[in-house]
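Lettered A, B, C and D in written order, each chain numbered from 1.
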Amino acid sequence: MATTPITIAILGGGGRYWAPSVLMDLALCPQLSGEIRLHDLAPPRRTAALGRSIFAHRRSVTTFRLTATNDLRRALRGADVVVIGISPGPTACFVNDLEITARHGILHSVGDTTGPAGISRCLRTVPLLAGFGEAIGRWAPAAWVINYTNPMTIATAALYAGFPGIKAFGCCHEVYGTQRWLAQLLAAERGLRQPPRQAVRLDIAGVNHCTLALGASWQGEDLFPLLRQVVARRGFFADRTPTAVLRRRSGAFWDHDARIACDLFRRFGALGAAGDRHLAEFFPWYLAEGEAGLHRWGVVATPAAFRAGTWRPDAGVTPAPNPLDHGDILVTGPRPSGEEGVAQICALLGLGDLDTNVNLPNRGQVPDLPEGAVVETNAAFRQDRVTPLTAPFLPDALAAHLQRIAAVQQLTLAAGRTCDFDLALQAMLLDPLCHVGTDTAATMLRELLAANAAFLPGWRA
Amino acid sequence: MATTPITIAILGGGGRYWAPSVLMDLALCPQLSGEIRLHDLAPPRRTAALGRSIFAHRRSVTTFRLTATNDLRRALRGADVVVIGISPGPTACFVNDLEITARHGILHSVGDTTGPAGISRCLRTVPLLAGFGEAIGRWAPAAWVINYTNPMTIATAALYAGFPGIKAFGCCHEVYGTQRWLAQLLAAERGLRQPPRQAVRLDIAGVNHCTLALGASWQGEDLFPLLRQVVARRGFFADRTPTAVLRRRSGAFWDHDARIACDLFRRFGALGAAGDRHLAEFFPWYLAEGEAGLHRWGVVATPAAFRAGTWRPDAGVTPAPNPLDHGDILVTGPRPSGEEGVAQICALLGLGDLDTNVNLPNRGQVPDLPEGAVVETNAAFRQDRVTPLTAPFLPDALAAHLQRIAAVQQLTLAAGRTCDFDLALQAMLLDPLCHVGTDTAATMLRELLAANAAFLPGWRA
Amino acid sequence: MATTPITIAILGGGGRYWAPSVLMDLALCPQLSGEIRLHDLAPPRRTAALGRSIFAHRRSVTTFRLTATNDLRRALRGADVVVIGISPGPTACFVNDLEITARHGILHSVGDTTGPAGISRCLRTVPLLAGFGEAIGRWAPAAWVINYTNPMTIATAALYAGFPGIKAFGCCHEVYGTQRWLAQLLAAERGLRQPPRQAVRLDIAGVNHCTLALGASWQGEDLFPLLRQVVARRGFFADRTPTAVLRRRSGAFWDHDARIACDLFRRFGALGAAGDRHLAEFFPWYLAEGEAGLHRWGVVATPAAFRAGTWRPDAGVTPAPNPLDHGDILVTGPRPSGEEGVAQICALLGLGDLDTNVNLPNRGQVPDLPEGAVVETNAAFRQDRVTPLTAPFLPDALAAHLQRIAAVQQLTLAAGRTCDFDLALQAMLLDPLCHVGTDTAATMLRELLAANAAFLPGWRA
Amino acid sequence: MATTPITIAILGGGGRYWAPSVLMDLALCPQLSGEIRLHDLAPPRRTAALGRSIFAHRRSVTTFRLTATNDLRRALRGADVVVIGISPGPTACFVNDLEITARHGILHSVGDTTGPAGISRCLRTVPLLAGFGEAIGRWAPAAWVINYTNPMTIATAALYAGFPGIKAFGCCHEVYGTQRWLAQLLAAERGLRQPPRQAVRLDIAGVNHCTLALGASWQGEDLFPLLRQVVARRGFFADRTPTAVLRRRSGAFWDHDARIACDLFRRFGALGAAGDRHLAEFFPWYLAEGEAGLHRWGVVATPAAFRAGTWRPDAGVTPAPNPLDHGDILVTGPRPSGEEGVAQICALLGLGDLDTNVNLPNRGQVPDLPEGAVVETNAAFRQDRVTPLTAPFLPDALAAHLQRIAAVQQLTLAAGRTCDFDLALQAMLLDPLCHVGTDTAATMLRELLAANAAFLPGWRA
């Protein structure tokens, strides 16, 4: 079978996770070939070399020409698909976000999406992604744009702010984890072989990392009755602090048991459809009682030291693998990354339909949220079009809470676009994690802006 | 391969079009078998016999047990799927609708959906369908319900009014005609073999019979630029009266050339996605200049005499076939009806995904129309779920016009539920076809109610 | 008592009705004095002279300095209040509007507000009023702006389009007529002396000239039960053709008996709160059966010949007075015009509160209509602020109809701002009076644009 | 001048503040006379006696017949006006609310409106007020109903839930305090005599006790520029802990300096228009840093001991007067209470117009909040009607925050109507003060329900 030739630009092409993931998945996709342009602040030659090794590996089934550039125009001109997976500023900024907010008493379990640390990251992200949007509008207006950058919602919204006609969507694997967890549960409860995650269908609605499943089914069977039974069992919600402590000692910061996802299910009637560490940050309850309160759910906050690279596992403990680490590619050869970007590209090229979750500006798919806000739902990927599926209504309480989150995000986007201190402060004050006085919040914001000033063009010192 | 056994109740099982269509399609579907219960005011024994002949035909690939009943409870109890295709009252009522309105100067091209005649039909339909809804709520609450009954929008809405938890959707073939017309156009313009209608993808939004395509594509190619070229050609919108006259003489009342669909495209930017005869009734312009004004577009109004069975083609002219006539089934054996109900049943049973158009209460899929109004969009049919796809925004002018139509329909539904003369009159007055004085409208409504009183329980004489 | 000194600019200062009305009312207001600047295309020296005579009259209680100019900047600089009452183009344009639409079969009872003739007038009005808005934004941004220009809704909307920060409102006397009619009815039914119109309180909502009263009271008594009795009397809605014929012969085009207002009350539950001649144009029913159909309600269409100045009353018939004619001012001296502009100015200056009806962009006062659309409601005039009172909800059918009217107006405004033929045609097609084919409508629009081309800058021929 | 005779029912007629306030104001109103029926759980004979003394006092200018009853029907039948001012359950319940929530770490500055304590109070209030609503619907459906009961929003909403046709509004004096504070500021800044509070006009929007002023003026002058100057002065927001400590020692729990009101002005652009002690509870920032954090603003939390009657001022400190204490009426005779209920009654009887603030279901007056939610705005009191004025739009951040508050209130109302634990818990979790884990919140709610079980009919233990 002949392959379909395409040109793919990867912005953030020097990154350690997204670029290698895409390269591996492309290497394993027999339907595509063509050209890949890796773009970054400096031409990402090492990733290009890595890519060549991947395509040269015996398990690869196709090949692509690879170039590395720091010229955005050259990367974009003629591109059919643009993949964006960047970090907004160096790791030091992220560490600042975590440490400054912690100093003012605010704990984040992740800190890259929401909460004051997440908002700080958003302020750095907005001009970068809006800039990409403008550049795409100029040089590749017809290209499909897949965004992997976090904070996903704001990053995607900034692309549209930069170029309203952009064909961009955001793509996140958190929902897959919930599918997998339910597949596991089903296997355990029914004594089955674990079905593939895709066989578990979720009716989702929300914003990225705060996605909620309003229904779940497997082979047409509603899984919510089963889930209701399971969470009602004695002990299901027992204190998981010992587990959390072990996780913390080995650095298993990504691990969780969906107990926060299920607490939302118990209290509000919708299952959290993201990792607990992300969900915890969107609600004021799970981090309100400090790190101990978070450990109670079996969840561990990723320490600033880990981001800074100075964190070490406890002596004698086997360190947990970092799921974002592709360091062994050259040894093992390409393997499926678990991401869906390449499958989405195939669907957009007419090489097979795909239904999956996606982040897009709301045009009615989440009727509980304002028009234009970037929301996460299921969508139909077909030849040259992505159409969101209409989500069910949220329970009233969650609809109200998500409206609040969407409002914080819209204030954050506006603050980032206009470099407006007052709007940024308002976003922080309305954020669920920000349980401090207004003076404290203002001080904290000022400190964040000062610490990361080099990556905040347009903000007054 | 083993078949999946199901029980299907067909309400309106004695009808001449829908019941035979479903029986033929089932006979050609190798995946299903089981039981079919035909229900009607009198047990439809002739249709049951017809069904047995169909399943006995050599082209049939499966078989079903067939029973005929006039006991709704027996028809519904244990049914997995309910198919509804009835006529609201005998043909004489339809003839009354057409003749009384015509006497007051109002011409309908069809008269079964909208306009004063359509509203009159709605008033008869609402109690019947709401009654079916209640019965399904009592005896088959988990069944999937496929409604074919016209007026589709009101009929589907009445099912939900009768049982808000119903799993019902309305199903109409008008959109297929638009797909077919575009496929034909494409073949002619490009010198291709005509692709199957399903290959032409339409982004639709609207209410049934007034559905609009906001985008059209084939193999990922946007077809609107081509369409714009075609309709801009000299002569495309030339007077088609001669064609209409021929159609009228032979009784080709269903035939049209999509010139009204294309006039909407030219004037408003969205292609009408229903037959011209239906579209004409939803806008005040195409029938405003009388039958001659309609002929100008090549369209013919179906005469009341045809409904009454007294119409005859002109002497010497070959009569046009009636597309709704299945009189020859026993001779030809089962053939695909062109309807999608059986494919939808298969998808709902998990036997293969299907994306097609559907009528469902609005929960955001048409953001321009009020929540709860029954709207037509694309939808994803998956195992035990139908999820509408979010439609694009309508052009402002069409959004406003469809809001008006939805308001007329909501007033009509309310009038039918409460037997309220004032609400029915308000619905008529707001209807696009009703260009008469308020006294005339009130007289006309009174005459309609009187003429069809036997089929309007609860209305005062 | 010392007077409050103010500077008032009157745009359209050479006009025959509004400028003299304002001058008379100012002459009778002991609280104000200062400067009046009359502005028009040519310096309106005759009106200035007339004004001086008015202020010199013995019944005048104050005086103003008067200047005449055609320099907009000089008129506006330093103005505290701007009064706008212009005609969009010469009378010949109005005559064109009426004659061209009549030629295509469309009858208007007035033709200055809505219907194809009204839309044509709107297209001329928009650039003029938007231009005034811009000029006010530049030279008198803090001034209060009273708009009397018709079409009121579009004219006021155009002021806001020109300068979003403008402190403008539209002011119309039609509601006063309904108050007066009810006061008369009350007096007749109860054997009372007729109370002043202000004693009849109306709960109004709508758009100008299509205002609806959802409640009416006098001394705390709900007047709707009385009105219900009255309209239910035998003969109340009897054919009033003989009255209409007399009115036509004498030129009493303004006279009516509120029978259309009451037909709306009977059919929809809300009383029309404008003259019948205006109401008739907003609904497709009263003009659908031609001039005879209109006469049935006792209403007469103002003939194009009257606008052209060539109309003459029947021989031997006493000509009806034109209520808009102030020709006798110099003889009779100043008398209250019946308009409220000067009372509103006083209230805005803190010289006494005033509650009256007003046209303002919707910010919630008519929850049934879209935000931003100019709507008519009651409002509280207080020192330096005008606050709309929240209107009751409209009956569903009228809410839907007014949404349609608002949509037509928004399309018209957009067409006028962008000189877009398609938008203007869409506005016409959606207008209630436009019961013609799309080709006819397009031809008519083209003819209107051509006939008035001199007053439609920016439109292609 | 003859007085207008009316019959007034006072529910909560045995209360210590509202009933005496109304009696005093009536005694000083020369326009009214008639009958007052005091209703309470036991016939409030002492208040009736107090009332007789008041009307007998030489400063009284009118008189009323007074009766005391515990028969709701006898109190309501024939009443023209119903005044409601009750406490939902005995003081012990209020003390429970404060103590139980404090035990779980949640501080309330008042605890009668919002926060977990306020929600607990709401759950007791809803059935009482809904019951009053039903009784009024049965026995006095045309009466005007003035509600003084707190929590105002929920109490008023419960009246409408009990009888949707009720003519009820809620009436609160907190806005007057803001007017007074601005009048004082104006006097101090300009060296004027302090104008009466009514001379300061506020454009308000919000929900009771979380009302926001979006504009303020005096004699047509916008006061916001002045306010901006004042709050920008060095020291304006200085730490007011010493003042708070003094207030605490003397029991001056009601005193404040509007520093929280002004912090909202500084941070969000709208001035808080309620006492700081109430405002503090609606935002998560002012109570987040504990009692010390509150003292920083000069505000003191009213201790549970004060509600329990066991609180005593510090030795040697002059106790602050309780503004709600009318203990000295018999000595001093009637004096104006500062409340507006009697003025509102006069306006509704047609004895003079009144513009003031009011709590009513939203029908558009606060376009940022959902239809039907009880909101606080200005309103026009006229003969037999109260019409809300349309409020300006809120700044985006405050709109979002008030939407959250309205959502909490709607969940609380629903919980109270249905005795639903999950809904009550959701309301608590979404409340701005509830910064605890979900388990803690559930435990706290269970304890609150158990402690006050005697006053929570229909809730499971």
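The working rule: a contact is a pair of C-beta atoms (placed from the backbone, for glycine too) under 8 Å apart; a residue touches a chain by one contact, two chains touch by 3 or more.
On a predicted model such as this, the values are computed, not experimentally measured, just so you know.
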Using direct touches as single steps, what is the fewest number of steps from chain A over to chain C?
-> 2
Chain located farthest away, centre of chain D as origin (C-alpha) | B
Chain centres from averaged Cα atoms put chain A and chain D apart, in whole Å, by 45
List the centre-to-centre spacing of chain B and chain D in whole Å, with centres computed as mean CA coordinates.
-> 57
Chain pairs in touch?
-> A-B, A-D, B-C, C-D
Where on chain A is chain B touching in the complex?
-> 201, 203, 215, 217, 219-222, 349-350, 353, 355, 363-367, 371, 378, 380, 382-385, 387-393
In the complex, the residues of chain B that touch chain C are 263, 267-268, 283-286, 288-289, 293, 296, 396-397, 399-401, 403-404, 407-408, 410-411, 414, 422-423, 425-427, 429-430, 434-438, 440-442
